[in-house]
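Naming follows writing order (A, B, C and D), and every chain is counted from residue 1.
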């Protein structure tokens, strides 16, 4: 890339390119077969990005009309803060666009949004063995000693 | 205890007893001095439990009029599910009431609520070295291999 | 009716009976043809009643297993109150069950919920010429001198 | 005014000027004495404008650094729509700035926001005898035949 990608809110016209990135992201997490993200979930999540009542947002990295990456973030309440926490749930860069700072730019764009939005904390989860991603995360955020427990209802 | 505590929604009349448990919980996490939970946050969080617009809830374990434990949980959106995720943020049992299943009963009450509420997942974070709590958590939920990164804005 | 109907939260098993009442309600408002409430809206609204993240609720009046009426209410913010306003959006009694206090019982059940939920105000809109309904409303609430303006976007 | 005011989101630095407009607005509605909007409500409402979790927003009309008007709007669910309704709750123009299209510009800015936000309907209430305001409203929106009933809980 001879110039930097721009980071911007997702638009309805982005659907096809976003869906391809979203599929790549879900494939990385091996959400296939019975654990695949259904079309209904994808459509609902997409619609929620454009529903002003939902505190769920998406930004993309764009370069020459091509989407190189996505980030999804959600504001929610927290018992120890007045303002909302900002959960950066999903981050993905197209494989052939890696190594150019797209992921970092997307994370930093979320920081800017959270700051403007009165949210004192951005957080996310990543798998212990995700060495590539963690190299970046160790530079831009703090690793805690918290584990994640989960129960499917 | 010769009988089991009951698990119920918190009530406004519980404030003093709840506040003592909440203080004990925050002391456990060493939220003191500059990182203490302020009175304003405590009052706001308490008010949110009784504000039907806020998806933030609290239950307590009560035995003979005494509150033995608390649990706080919050529903929020998630990009991979139609229904909300249920974040069990805080769980605490009074030190002298431990070993009688209060924590487990509070967690299971959240499971029941989440099931009734169309929430397919309950989750929480706990510190790696919290061996006592983890003995219980390993019995009632699944440990994932996710780490938690955090950025203060 | 030899006994009074019970007022309770709607359940998933109520769908068919609820849908019939909902259709009757929408027919009353002449939402047909191009202004009909679509199946997608009906399904989404129904799902929202069971989504704990959505502050949208439904109760029904039941007698001997038959649903006689419905009420839908929504909590939302208001700039002049700390707690949420409660918008009683829809109220309907099956035509052959009218005159037995079903509508009044449904409204009063919403009052009870709002009181428990920290909501200081319940409100609704009704058409000026809806004399039958207004006879009841004039007994249980206060008519204001506010008109309703609306812009379709 | 030799140039048009700009319409923009409210900023924290606007507090004093906003508060003066808000006081003027509440005085118009005779919210004084026991029905006055308390300082706590004013502070909470102001904080909510800057809380990304709250679907409550404010814009102001600014000219040469002076705020001439305000508009507050809130997104909330509605049983007959997929996207949220947009409730334009408060609109006020400083008395000495009237007659220059400030109110209309604020309303139209809300329309733009609602359109971008996937909200198919903007609505508001106004008192029947508010002839001045209604002259404007009749030009930019549709008067319905709905009355407003209200119950203080």
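Keep this in mind: contacts are C-beta pairs under 8 Å (C-beta built on N, C-alpha and C of every residue); 3 or more make two chains touch, one makes a residue touch a chain.
None of these values were measured; they are calculated from a predicted model.
Of all residue numbers that take part in the contact between chain A and chain B, over half occur on both sides, making this a same-residue interface.
Between the Cα centres of chain B and chain D there is a gap of 38 Å. In terms of their C-alpha centroids, the spacing between chain A and chain B amounts to 27 Å. Chain centres here are Cα means. That of chain A falls 33 Å from that of chain D.
Residues of chain C in contact with two or more other chains: 55, 76-77, 82, 86, 114, 119.
By the document's touch criterion, interfaces exist between A-B, A-D, B-C, C-D. Residues 31, 37, 40-41, 44-45, 48, 54-56, 72, 74, 76-82, 86-87, 89-90, 111, 114-115, 119-129, 134, 137, 140-153 of chain C touch chain D in their complex. Within the complex formed with chain B, the residues of chain C that make contact are 47, 50-53, 55, 75-77, 82-84, 86, 113-114, 117-119.
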